[in-house]
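Next come two complexes, and both contain chain A; in the first it sits with chain B, in the second with chain C.
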Partner chain A sequence: MTAASPPIHRETWIEQVKKNLFRNWWSGLITVVLLPTTGYLAYRAFKFFFINGQWEAVQVNLTLFMQGTFARDEQWRLIAQILIFGLAFGVGLGTASGAAHDRADDAGLVFKRSSLADTLKRMWSLVAFIALLLFFASTDETGNLINPYLVVAGGLGLSFVGYQAFRLPRRLRNLGWLLTMVLLVLGFQVVSGFDAESWVPLSLILGSAAYASVPTEMFDTAATRQAVKVLAALGAVAVVFAIYRVVDAPGIGWDEWSGLHLTLMTSAIAIVLAFPLGLLLALARRSTLPALRLMATTYIEVIRGVPLITLLFMGQFILGFMVPAGTDLSDITRAIAAMTLFTAAYVAEIVRGGLQSLPSGQTEAGQALGLAPPTIMRRIVLPQALRAVIPAMVGQFISLFKDSSLLFIIGITEFLRVRTLVHAQAAFRGVAIAETLVFVAIGYWAFAFAMSRESQRLERRLRVSR
Partner chain B sequence: MTTPQTTEQARPPFWRDIRVIRVAGQIGAVVVVFLILNWLISNLINNMNRLNISTSFDYLFGPTNFQIPYDPQFNPRSPVWEMTLVGVKNTFLAGFFGIILASIVGLIVGIARLSENWLVARLATVYVEFFRNIPPLVLIIFFGFAVFTFGPFPILSESWEVKAPGSDDNLLLINNDRWGVPGVTQDGSVAIFWAILAVGIVAAVLVWRWRTRNFDRTGQPHHRVLWVLGVLIIAFLIGFFASGQPFDMSWPALSENRRQVVGGFEVNWGFLSITIALGLYTASHIGEIIRGSILAVHGGQSEAANALALSAFQRYRFVVLPQAMRIAVPPTINQFLNLVKNTSLGTAVSFAELTALTKTSIGNGRPAFQSIVIMMGIYLAFSLIISLILNIVNRRLQLVSR
Partner chain C sequence: MTTEQTPEVFADATRAVGEAIIELTDVDKFFGDFQALKDINMNVGRQEVVVVIGPSGSGKSTLIRCINRLEKHDAGTIIVDGIELSEDIKNIQEIRRETGMVFQQFNLFPHLTVIDNITLAPRQVRHYPKDQAEEEAMALLERVGIPEQARKYPGQLSGGQQQRVAIARSLAMKPKVMLFDEPTSALDPEMIKEVLDVMVELANGGMTMIVVTHEMGFARNVANRVVFMADGQIVEVGPPEHFFTNPQEDRTKLFLSQIL
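Entry: the complex of A and B
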C-alpha cells in the first residue's frame, strides 16, 4: 500500500495576483490606490526620459562630464588608463577566483566558478550606465578623439584576457596579485606621468608587493626564502628607480584632473591613503598603552563628530598656513588630504570592529605558541580581522565616493560641478537643469549601487565561509 | 634567600623589559605627536604673523557686515557671534524638521519593504535602493534648483494661493522662492498661558503615573494616552481663555506690491530643499534599519502572537515592534546625527545655516582659522549631545530587556 502523494497545486496567475496584491481588503485598497499612482509616475518618467527631456545638454557635453577640463589632446592617457585598469580588474578577479578555488580544494568542496558574464550581470547598473554613455556618444556630433565603442570593447576584452589569470598554477598565485598591483600603479602613472619624486611611493608599494607575493615555495630553508623575498623587494625598487632614470615622461598631475575621472580617482586615492593611517589608529585605540589609546580615541571621536565639509574648509583655508612658507599645495592636494584624514577615523572604527569580532582564543593560541606580540598581530589577528572587514570597507568606499561630491562646495570641478560649466554655455543657460542633474545622479547611482551589491555579496560569502 | 636573586637573574636586559618598552613606547608616541603638532602650529602662527592675520577672537564682537539671506530682521551691524547663533538656529531647525520627515518616511518604508503586498514591497525597495546610492548633495541641489527654483512653481508675485476651506485666508502660499504657511502671533499675556500649560503638563505626568499604577494593581485597561491627551487639551483650553486668548492665527498673504509675503510664517526654498532632500535620503537608511530590526525579531514571537489570536495590527503593535525598536533605536539615532551633520551642505542652496554663514563670513574677511575652529566646536557639541542621548537611551533599553 503506497501513500498517495499530496496533490501538487500549481498556482494560476490569477491566484498569484490575488495572493500578492489582494490578500485582504486593506491590501486590495492599497493596491487600488498605488497602482494608478505608480503608473502615472512611470508615465511621467517615460515622457521625461524619451520625449520631453532636453538631453542635448548632456550629449554635447559628454566628454566634459567624463574628463572635465582635462586637456583634450592628452585624452589618450585616460583611454590608456581605462584599458590598463580593465586588464588589472580582470587579473585581480581571475586571481581572486583562483584563490577561492584553491581554498575550496583544500576544504574538499566543489567549486563553482562564476564567469565574467556573471560578474557583469551582478554589476548591471554599471553596464547600464556605460550603455547610456555609449548611446549618448553615438549621437555626439562634436567628434570624439577615439570611438568610445572601441574603448569599451577594449576594456572588456582586456579584462577577459586578464581573467585568464585563474589558469595560473597555484604556486604562481601570488604573482597574479603582484601583476594586479603593478597594473594598477601603471594605470595611475600613465596619466600622472613619471614625475621626479613619485618614484619613492611607487617603489615602496611595489617593493612591499614584491616582498609579499614573490613565489618562494621552491626554496627549502626559511632563510633562503627570506633572502629571496628581500632580494625581490630590492629588485623591484631598483627596477622602479631605473625606469625613472631612463624614462622621463611628465604626465598630467591630479591638479589638472576633473569630471567623473577626478571623482573616481580622489575617492580611490583617499581610501588607499586612509587605510594605513586607519589601521594604525585602530591598533592604537585597542592598545593597552593609555597614552596611545587616549590620543587615538580623541582623534577618532573629534573627526567623526564634525562634518566632512568643515575639514575641507580647514584644508582650503588653513592647511596652506600649516606648512612652511613657500610650499605650494594645490586645491586638490589639500582636498585629498582632508578626505584622507576624515576617512582614516572611519576606517579605524571599522578595523576596530574587525579586531573585536575575533575571538580572544586566537591571540591566546598565538601566545601559547610563544610568538611575540607583533608576530601574533601580523600573522594571526590582522589577516582574519581584515578579511572580516572587507564588506564594511567597501561600504566606506561608497560613502567616500558619494562624499567626494562635496568638492563641489569648495570649487573643485568634479562630476557634479561640471554642470556649472555646462549651464554657463550660452545654449544651456537656465535650461535642462533637471536633465543634467538626473544624468549626474544616474552616474553616481550606477557606481554606488554596483559596489553596494558587491559588498552584500562579499558579506554573504564571508558569513558562509565561517 | 635565593628568590630575589633568581628574579634578578631572570630579568631581561632593559631594552627587552616589557615595562620599560611600555613606558618608552608611550613617551616616544607622545613626543612624535607633539613634535608634529608643534611643527604645524608654529608654522601656522609664523605664517599668520608674517601675513599680519589676526590670531585673536576679538572679531566675534565686530560687525557682521553682510545681510543674512531671507532674514530681514538681522541687522548687518550686529556682532559676528549673533550671526553664528542665527546659523546654529537654522542648522537646528533644518535638522529638527529633517529628522521628523526622515523618521516618518523611514518607518513607513521599513515596514513596507516587508509587506505581503508585492507592489508595496517593490516600491519600497526601489525607494531605498534609489535614495541610498545617491549623494545627498545631488539630492539637495535637485530639490533646490530642479524642483524649487527652475521647477514648476510660479514666481513670487504670481504665487499659487491655497485657500482654507470656507474662508478667504491662505492656508499655503506656493512659489519658487519662499512659501507662506500659517503662523501664530502672540501678545503680552502669553506668560499666563505658558504657566497654566506647565501646570497642565505636571498634571498629565501625574495622571499617567496614576493610570499606570491602577493598571498594575487592577489590570483594568489604562488608556494612558487618552487620559493624558484629555488633561493636556483641557489645560490648553483653560490657559487659552483664562489669559484672554493671547494667540492669534496669522495667515500668509502677498503684500500690496506682490514682492513680499506678509503674515504667517515664511519658509525659504533653501530650507525646503535641504529638509526634504536630507529627510528622504536619511529615510532610506532608517528604512533599512527598521527592516533589519523587524527581521531580527525571532520568528517564534510572531508565531506566538498568532497562536494567541492577535490581529496583524496587534501583533505588530504589541509584540514585534516593541522588540524591533530596541534594536533599531541606537543606529537610528546615529542616522539622525548624520542628518544634522549633512545640513552643513546648506551652502549649496544658500540656506543660512552654520557652515554657509561661516563661509560667507570668511569670504568677508573674518579670520578663517578662528571661524572654522568655532564652527567645528559647535558641530562637535551637537554630536556630543546626540551621543549623550544615545548612551542614555542605550542604558534604558538595556534595563528594559532584563
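Entry: the complex of A and C
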C-alpha cells in the first residue's frame, strides 16, 4: 500500500514574488519604497568599496593596524604567537570534538563530527576578514609583512594538525585539554617573554594537572593519597619554576603592545580574569554570611552604576592611591584592571540569574542525598546554571571586546586609535577617513560575529546533551 | 493543646511495630502564619511501611520533608535512628545519609548521565572509588529493571524510567529509611505500575518506608499502617484493613468516600 501523498503545487516565480513582496496593498507599498532605496544604497556602497575608495590608506598601513607601534624587528614573536595559537585552537577543537563523540556514544546517540571545513564555514566572518587582509597585503608594494600567505597557511596547517587530537583515546582526553592550555600560555609568553618572573600561569596549570592525575591507588590511606597529590603538584611547580629560572628570556611586555593585537589580547585577558572573579562575586552575593553578601552587593551595584570610561579614567588617576607606594603600574595594566573589575560585576549578575533560574528541586535532591553544600554548588548547581547563561555571558564578552576601543580615550594605541597614526602621515592627512573607519569596523565585526555564532552553537550543543 | 477524645485505635497505632527508627514528638511547622503541621506524634518501626494519605494541603509532604530537614520544624523533636535533628549541619547530613528521598518531580540531575546521577553521592560522600561505585550502581539499575539505560541522560528516558533511576540513586547511599513524596503523581497512568512494582519489591526486601501517595491499592496491599492527615494534623492511624473498612473519624470517612 502506498500512502497518499499531499498534492504538490510548485509555485512559479511570479507567484512567489506576489506572495512575498505584494501580498496586500501595504506590503506592496513597503516593497515599492524599500526596493529602490536598498538598490540605491547598494549602488553607493559598491561604488565606495570598488571604485572610489582610497584603500591605499589601509593597504600601506596594514602592519600598523595589526601591531601598531610594536617593535618591527620583534615581529617574529607575533608570527610565532599566531602559529602557536593556531595549533592550540586545533587541539582544543579536536579534543572537544572527541569528548562530544564519547558522550554521544555513551548516550546511544548518533554523532556527526563537524569537519575543520565546517568550523571555518561557521566562522566565515573571520575567514572573510583574513581574506581581506591577505588581499590588501598582496597589493601592498612596500611588502613589510613577513609573507602573510605563509603565516595564514601555517596557522591553518597547524590547527589541522592539532585537530587530530580527536583521535586521542578517551583516557588521554585530559591530555588534549592540558596541551591546549599549555599552548595558550606558551603562545602568550612567546610575545610577553619567558623571563624568570613569569612562571606562575604554567605552574598553575601543570601543578593542578599533576595533582589531578598522579596515580595514588597503591597507597592505602586517604591522608597518604592526599599527601602524594600535593607533593606531585609542588614538584611540577618546582620544575616549572626552575625551567623559567634557567631560560629567563625576556620578551615584549604588554605595555609595548598596540593595534589589533593589543585589542584582542586586552579583551582576552580581561575576559579570562573577569570570569572567575564574577563567579566568586555571584556566590558571595548569595552567601549566608551577611557581611560578605553586603560587600559583594555593594561592589556589583556600584560598578554597574558607573560607565566603563569613568572606571578607565579612575584607573589612570586613582588606582595609584590604592596600591602600595612605589608600585609602578603601566597604563595598559591599569586599563586591564578597570576592564576586568567592570566586567566581573556584570558576569556576577549574569551568573546570579543562572543560579536563580535553577529549580529548587535540584538543590533539594542533592541535600537529600547528604551532599555537602559546596559539592552541591560545584557538581549540581553551577554546571547547570553556567550552561543556562552562556548566551548572556558571551554577549557581555562581546561588548567588552568592543568597549576596549575606549582605551583610545586614555591614550592607548589600540585598533581604533591606529587611525590617528595613519592620518598623521603626510599622504593620508585628511583623506580616506571613511576607508580606515570602515576597515576598523569590519575588523571588530568579524571577531564579534564569530563569537556570537560560536556561542549559539555551544548553546545548541549543550542543550542536546541534557 | 486539646487531646480530649483520643480513640483507642489511634493511641495504639502511633506506636511503631517493634523498635522505632523514626520518632516524631509534638512536631509543629509554620509557613509564616500558616500552621502546616500541628502536634504531630508518630513513630515508624524498623522495616515498617507507613503510607500517609490525605487531601492536598494537609501537610503530608511537609511531614516527610521535615524528617530529612528539607523543611525545618519549629517545635517538637524528630529522632532518626537515634540521632536527633538539630541545627548542627553535621547532624543533618548524617541523617540525610541515612534517609533516601524520592520526589514527585524525580529531580534527576539533567546534566549527568544516569550512572553519574547514581554514583555522584557515593563517590562524593562515601568516597567510593569509581569502579566500585559504578558496579554497585549497575546492580541497582538491574534491580529497578533498566540497566541498559545507564549511559543515557535523564531527558532521554520516560517518566517511569526516570523515577526508577531516582529510586536507584537514593538506594545507592544504602539508606535505612526511604521517604517517598508522591512518587507516581507526575507519571502518565501506564507508567505508574512499573514504579509501584519497584516500591513493592523494596518493601518486601525489608526497607523502612514512609510513602505519601494517592495510590490506595498500594496502601491497601503493602502498608503496615496507614496515616490519614488533614489540616496539618494526624486524624487517624490504623492497619489498612481496619482503616479502609472501618474508619472511625468522620473526616476520614468523608475523604474515603470522595476517592474510593
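Basically, the second predicted complex is superposed on the first by the 421 of 466 C-alpha atoms of A that agree within 3 Å, B and C clash if a C-alpha of one lies under 4 Å from a C-alpha of the other, contacts with A are read in each partner's own complex, and residues count from 1 in each chain.
Rule of thumb we're sticking to: contacts are C-beta pairs under 8 Å (C-beta built on N, C-alpha and C of every residue); 3 or more make two chains touch, one makes a residue touch a chain.
Source: prediction; values computed, not measured.
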Side-by-side fit of chain B and chain C on chain A, or clash: fit
Partner chain in contact with A:169 - chain B first, chain C second, else both or neither: neither
First, second, both or neither for A:361, with chain B first and chain C second: second
First (chain B), second (chain C), both or neither touched by A:222: second
Most chain A residues touched (candidates chain B, chain C): B
Vertex chain A, arms to chain B and chain C (CA centres, degrees, nearest 10): 90
First (chain B), second (chain C), both or neither touched by A:6: neither
Touching partner for A:108 - first (chain B), second (chain C), both, neither: second
Which of chain B and chain C A:374 touches, first, second, both or neither: neither
Chain B versus chain C as contact partner of A:309, first or second or both or neither: first
Touching partner for A:383 - first (chain B), second (chain C), both, neither: second
Which superposed partner A:290 touches (first chain B, second chain C, both, neither): first
Chain B versus chain C - smallest C-alpha distance in the overlay, whole Å: 6
Chain C-contacting residues of chain A that also contact chain B: none
Complex contacts: residues of chain B adjacent to chain A: 22, 25-27, 29-30, 33, 40-41, 43-44, 46-48, 50, 115-120, 123, 129-130, 132-139, 141-142, 145-146, 150-151, 341-342, 344-345, 347-348, 355, 358-359, 362, 368-369, 372, 375-376, 379-380, 382-384
Interface residues, chain A side, partner chain C - complex: 106-108, 222, 359, 361-362, 364-365, 367-372, 375, 379-380, 383-384, 387, 465-466
In the complex, chain A residues that touch chain B: 20-21, 23, 27, 30-31, 34-35, 38, 284, 288-292, 295, 302, 304-307, 309-310, 313-314, 317-318, 321-325, 398, 402-403, 405-406, 408-409, 416, 430, 433-434, 437-438, 440-441, 444-445, 448-449, 452
Residues on chain C engaged by chain A in the complex (per definition of touch): 68-70, 93-94, 96-97, 99-101, 103, 105, 107-111, 113, 120-121, 124-125, 127, 151-156, 166, 169-170, 173
